Structures are given as C-alpha cells and as structure tokens.
Amino acid sequence: MTMRRLWIGLTTLVFAVLLVVPLLRIVQGAFDQGWDGFSAGVTRPEALHALMMTGIIAVSVTIVNTIFGVLLSLYLVRASWLGKRVKAVMNGIVDLPFAVSPVIGGLMIVLLLGPDSAAGALLGRAGVDIVYALPGMILATLFVTFPIVIREVMPVLQEVGSQQEEAAHMMGAYAWTTFWRVTWPLIRWSVVYGVILTGARCLGEFGAVLVVSGNIINKTQTATTLVYQDVENFDLTAANSVALVLAAASVLLLLVMEWSKSRKEVH
Amino acid sequence: MTNMLQSRWWSWGFRSTVMLYFVVLIVCPIAGIYVQSFSGGIQAFADNIGEALAWKSVLLTVKLALISTAINAAIGTMSAWVLVRYRFPGRSLLNSLVDLPFALPTAVIGLMILLLLGPRSWIGSGAESLGTTILFHEPAIVVAMVFVTFPFVIRAVQPLLEELDASEEEAAYTMGASRKRTFMRVILPCMMPGIVSGAMLAFSRALAEFGAVVLVAGNIPGRTLVASVYIFGEIESDNPAGAAAVSVLLLTLSLLILWTVNLVRRRRAR
Amino acid sequence: MHVEVRGLNKSFGSFQAVKDVEFNVAKGQLIGLLGPSGGGKTSILRMLAGLETPDSGDIVFHGQRVNDLPPQERGIGFVFQNYALFKHMTVSENIAFGLEVKKWNKAKIKERVADLTELTGLKGFESRYPHQLSGGQRQRVAFARALAPEPQLLLLDEPFAAIDAKIRHELRSWLREMIDRLGITSIFVTHDQDEAIEVADEIMIINKGNLEQKGSPWEIYKDPKTPFVAGFIGESRIVDNIAALRGFGDAAVAAGTKGLIRPEYIEIGRKEEFTQLLSATETGRVSHIHFRGSEWLVEVEVGGIKLVTYRSLEKEVLHPGDEVQVLVHRAYLFNDSQSWVMENKLKADPMFVYI
C-alpha cells in the first residue's frame, strides 16, 4: 500500500513539475504587467497579422491533408490496383515527415522551390513566389502534418474490414455512395481525431515555417515565429501574450481530442 | 452502365491525384535533399560534414538526446504503470495531460522553459547560488527534449500493460514468485517492447527538435549548438549545401530508427 | 436465374484457388458448395458475385456473359459469413439500403421493408442496431437485406457458421423453407456436410480448387465419383489390403487398390444372428464399443483390419473382446487410375455357396 502511494505521488509530482507548472508560468508571464500588458501584446498589428497567418495555414492545411489523408488511407488499405509490395513501401514512406526535423522539412522546400532552384526561378519569372511567401509556408506545413490523419484512419479501416463495403456493392451502391453511407460513418471519429491533431500541429508548427517564411513581420510571420522573434528581442511579456493564446488554443484542442477519443471508443 | 463508366473515370482521377500528391509532397523533397547534398560530389559532402562545428553539433545532439531518452524511459515506464494499474482521483486528468506536449506549439514550450529556468526564476536563481547555470546550458536543452518527447514511452507502454493478462501475473504468484521477481520476470519483459519502441521514437524526435531547443539553448557554436539549430544557422547564412549535408546525416539516422521501430511493431503484430 | 460457369480459374499469387471449374445451375435450385476450408468455395462464390475477377473462364447468367459487369450491376443478393451488417444502421435502415441506392420511392421502400421484416420474423426489431440482436436475428437481417432489391440469385457464404449449434438446425430449415417459397436460385457455401445434405437440392463438392462432383445428396452418397468425395461424405474407414477381406478377393487384380468402407456397409452379430448369409461373414473381435446416444458404435478387428460399424440398441450388447461375425456388404474401391463400388461377391450369390 505504501508502495502504491509512493508511485502515485511520484507520478503526480512529475506531471505537475514537468507539465502543469510550465503551463501556469506562461499565464503568469503573460499577465505580469496586468491585463493591459497582455492585451497590448496580442493586439499589436504584427500579432494580429501573425495570428491570422497561423489561422489561414491551419485551416487550409487541415482541409487538404484530411481529404488526401483519408483517400490515401483507403487506397493503402483497400486498393486492389496497388501491389502488396508497393503498399508496404508507401506505408513506410508515409511516416517520413515524423522522422524529419521540421527545419529539414523547411530546408527541402527552400532547396526545391527557392529562388536559387530551377523550379523556383521558373515560378518566380511567372510571378509566383513560393518560398518566403504563404504558398511555401502552407507547403511546409502540409509536409510536416501529412502522416497524422493517415495514422489515425488506417488502423480503423484495417480493423473493420471490407465486408460491409462489399455488402454495399452487392446491393448496387457504387464507390461514392458506399463511401459516404458505409465507410464514412465507421471512420468518422478517427478522422475527427486526426483533424484535431493536424490542427494542433499546424498551430504549433515552427521550424519548417521559420525556414520557409523568412519570418517577415506583417507578411510571412506566424504566431509561433512571432513568439520566437519577441524572445530574441527580449520582449518577454509580448511573447508570453501570444504564447498564451496559442497554448489556450492547444489546450482547447486537447480537450476536444479527449472528447473525440471517448466517442471513438464508443463506436 | 453510364453510372459505371462515370464511376471508373472518377476513381481513376482520384487515384492519380492522390498518388501525385504523395510523390510531390513527400517523396520529391526527401529525394531532393539527398540529391542536393551530393550534388557537389562526395568530397564536397565530406568537407561539409567534416567541418568541426558541424560534427560537434551532431555529437552534442546525440549525447543530449540519449540522456533525455533515458530520463523519459524511466519516467514514462513509471507513469504508464501508475496510470494503468492504479485507480486514484485525478487519474483521467493525468492521462489527458500526457498528450499536452504533443498539443502545445514547440515555440511555446521553449518559452515556458525559458521562463521557468531563467535567472529571475527561483529555479534559475537557486542553481546560480549553487554556482551553476541551467539556462543556455546543456541541462536546459535536456529539459526541453524531455518535455517534448514526454508522451512517447507512456503511450507505447500503456496498451501493452492493458493487454497483459492478469492471470499471467497470478500464475507467477501461485508458483511462489515474490512481487519483485514477478515484476522483473513477467511484467517488465511484457513492457519492454513498448519501452524500446517508445524510447526510439522519443530519441528520434529529440534529435529533430528545434523549436523548444532554439529558445533555451543559447546556441553557442561548439558548446550548446544542436544539429537542427546548426542547420538553421547555415540556411540563414546562405550555405544550403552545408545545411543539406548535416540534414542528410540527421535524416538518415532518424529514418533508420523509424524503420526499425516499424519493423519491431510489425513483428509483434504477427 | 440460370447460372452457367465455364472453365473458371483463379490464382492468388502462386496459389491456385480455383481450377477449371464448370457447372450449371437451373433456375430455382438451391445448391450447396461443400468442401474443406480453403478449398476455393468462397472464391467461386465471390467470382459469381463480381467481388473477385476470374483469371480465365466465363460466368453466364441467363445466357449473358457477366464477367465484365461490376457487382453493382449483377442483381445478386449476397449474405456474408459474418453478415457484414452496417453497424451504424438499424435493422430497417439496413434492409432499406439497397432500395435507397436503387432510388425506389419512399412509400415503396417502406412497404418492402415491412414485408421483409414480417417474412423474416423480425417484426418489432426494426429500430434495433445490429449489436442489440442475437446471432440468429442478425442472420435474418442479412438475409432480408440481401433479398430486398429482389435479386435473381442469392449467394450465401457459410450462412450458419457464426451461429450456435442449437439454433443452427432451426435456421437451416427456416432458410430452406424461405428459399422454396421465394423460388429464388440460391448457392451457399459450407464446410459442414450435414448442412449441405439437409438443405441443398444439389451439392457440389469442391476440393483444392477442383469441382469433384455435382449431384443430389443421395447420388453423391450412393455413387461417389472420386475417393475424396467418398471419404468426405459420411463416415468411413480406408482399408489398405481390401483384397484380404472375404468376398473382395477380386480387388487384387489392380495393384495398389484400396477400399473405403462406411459403417453402414457393415453388419455384425453373433453367429445365430446371421441366417443365410453366414457363409459371407468373417470372424472378428470387438476391440472397443462407444455409446452414441441412439446406437452403438463398434470397432471391430478382422484379421488385422480395423473396421467400424453401428449396432442397434435393440440387439444384444457386445463387449470388447467378444468374437463376432462381420459381414461387409460392399466397399468403395479405388486406385490411382480408377474407382468403383464392389458388392460382396459371396453375398451377391448366396445360393451358390449353399449348394
């Protein structure tokens, strides 16, 4: 019994020191000059712009990667037109963005599409900027968050098997109807879970975006890169204010995540 | 019949789009970085890698990542055990908190640690009175890495413990094994695959970590400059070839770890 | 619907699941595909359904080749092994699915669902979800769902495999009755010979991808065309040196001929139980007896040959070690090149022996 108390106490302590105290410290830091310091930090034009950029990136990336993630999961699990070997290789490659440092992810896009590269020069002449502009930042975030939805959806698809879909085919339903009426209800909550995780990752993406964006104030700066810049400028209150907004959004997403997890288990 | 043809066209369109997206977004960039780093020939690659600061940053990263992984393996195993085996008020709250480091932006994590360990904080001043500094030194980097990779081991061990049949443990007791012996011979071996694969993922993530580290490391070349920050610096100082060379080194290491973990998991699944 | 299959082949990698299978199914028949697990039955069924594409061969419905028709267009009802009910839909939504896909109007769908729930005895369960139903009820839902769009052909993959043995009997006769009433051509897959014999008009025995024999259950029992069929249907023992048994000496003409003897081919008893056929019997010794509920199962040894047979409970009880007379009425003989049924020669012409 004493052992039990000891372990529970120790674990709670570790959680408190490692996770909760730092989080509270941000709150304290944001308000160390009162409400005014916080609101001044958040309502600066560059902060508003940065939050808007983060929002744009999060929404567009989440939408694109959800659609492609679900489709690719379906293909990797179900498709008969892909050989087993091809599927296994693709399955291994899907995880790559998890293994790649975000900075490297950003570097890849700079190398491939930056002004010094062939493709970048071509696009630049056509008047399309990728690197140091929004498209590059979206691309970098797409890369980083690519595996998340797939890793959530694939196991569920594997577990439920293809018989219900085949049953729908036998009753005359084509791929589209089958997907929406049979497959989607089965994977719905896993997709929601994947979407939330993707969203959280988009909000928080830093390294890749920092490299690709060039961190230009009021142009390509996102909330996380603004926090970075504020810290570099020793403006800790401002940094804390923006960080608090980000942290609040993340914690909110975490709560939704817990809720969708419980829904996922029900179905 | 028209229905059928329409459906074929659609599915063909979907397939090609998804495959194209996959190749362009994932395969091309990774292939690109390998091509870029070897574009100047092996010699240029070796020169870039051979640079003293590059080497030092990679070695430092590996060393600190190993330390933080060891810490997380211990904490993670304990936490997973407590969360699965004991019922106590606040358990589900702790369980939800585990995912916090995945949800929080890494830059925010860096800032948190900066505030917590800074010279004005009680931890920072406490350390100073003992004659050491944490912030902008190696310990701060380890703290950042531990925080960021906190969930991996827990999340890998939890399902294994939940699956573990209570009867296996009971069987050990009926055979006269002590609690300690049962733990070492029955429970620990069952958790081991989770600890190992979780630790490997944590290690790989620690190697790659940038956001949390860049803010607390101080980034003194040769002393507290980790690999990902080195790469960032090379990009900033317009030396993409140098950045690419170190990237390839780091990337290859991470890939090896990732594929080993996948292999281990697939083995287990069989 | 009349179904015709010609030269059907299917391989998965290097494994050939179906080899040159050919058959015809007349309209309204109920056919059982019977064979050991992994023998290719389900592959045949799935190719008929269009869920699997044959490597070669033709599938013809109503004189029209349907190989290139997707499953959606074939007008087939399919009952899956584990029913594959839509978990997130109620019973009536499950049944209505195929009708909604076919864009029936609402009133007609409602009527059809009501008819089918009535027919399958699911009335009152319409708004339940699959996880709230028993195994038997789920099977009925799967059946009703497959029938809803008025298919011309009904395919059932191991329809009773997931059901408790007790209810299985009940469901079998229910299904038989239902299919008779609807007059729909049906093919079902099973590995259980009792099930096939009890339910099917005709049985097709499938082994290692080959169609071994097709015929009514009685024909297959009485006149098995291959050793596999003979061994698979009913109980039997294989006797290597069949020529050593009295009355089967002619079996020695072809070297390597073995005999397959069913328990019901054998009669045993005390000397006085045999009157005129005594000369055709052999002396054996009872080695084991087992009580089988409605009869005795007796294991008996005749000159080193082990045989099994049944014995009525009405007759005198035998004991292990007893000496008994054994009469083998007939044996199914086979060797590498041929197979045939041989009657006991001494028994065929008993008068000859008596004179």
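Letters A, B and C mark the chains as written, and numbering starts fresh at 1 in each.
In this section, contacts are C-beta pairs under 8 Å (C-beta built on N, C-alpha and C of every residue); 3 or more make two chains touch, one makes a residue touch a chain.
Nothing here was measured: the structure is a model prediction, and the numbers come from that model.
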Farthest-lying chain, centroid of Cα atoms versus that of chain A: C
Pair of chains joined by the greatest number of C-beta pairs in contact: A-B
Centre-of-Cα separation between chain B and chain A, whole angstrom: 16
Separation of chain A from chain C, taking each centre as the mean of its C-alpha atoms, in whole Å: 56
Residues of chain A whose C-beta touches two or more other chains: 174
Chain B, residues touching no fewer than two other chains: 3-4
Sites on chain C at which at least two other chains make contact: 70, 72-73
Touching residues on chain A, where the partner in the complex is chain C: 163-164, 166-174, 177, 181-182, 185-186, 267
Complex interface listing, chain C residues touching chain A: 49-51, 70-73, 76-78, 80-82, 84-88, 97-98, 101-102, 145-146, 148-149
Of chain B, residues touching chain A in the complex: 3-4, 7, 10-11, 14-15, 18, 21-22, 25-30, 32-33, 36, 75, 78-79, 81-83, 86, 88, 90, 94, 96-97, 99-116, 121, 146-147, 150, 204, 207-211, 214-215, 227-229, 231-232, 235, 240, 243-244, 247, 250-251, 254-255, 257-259, 262
Chain A residues touching chain B - in the complex, by the definition given at the top: 4, 7-8, 10-12, 14-15, 18-23, 25-26, 29, 68, 71-72, 75, 79, 81, 90, 92-112, 114, 116, 139, 142-143, 146, 174-176, 197, 200, 203-207, 210-211, 223-225, 227-228, 231, 236, 239-240, 243, 246-247, 250-251, 253-255, 257-258
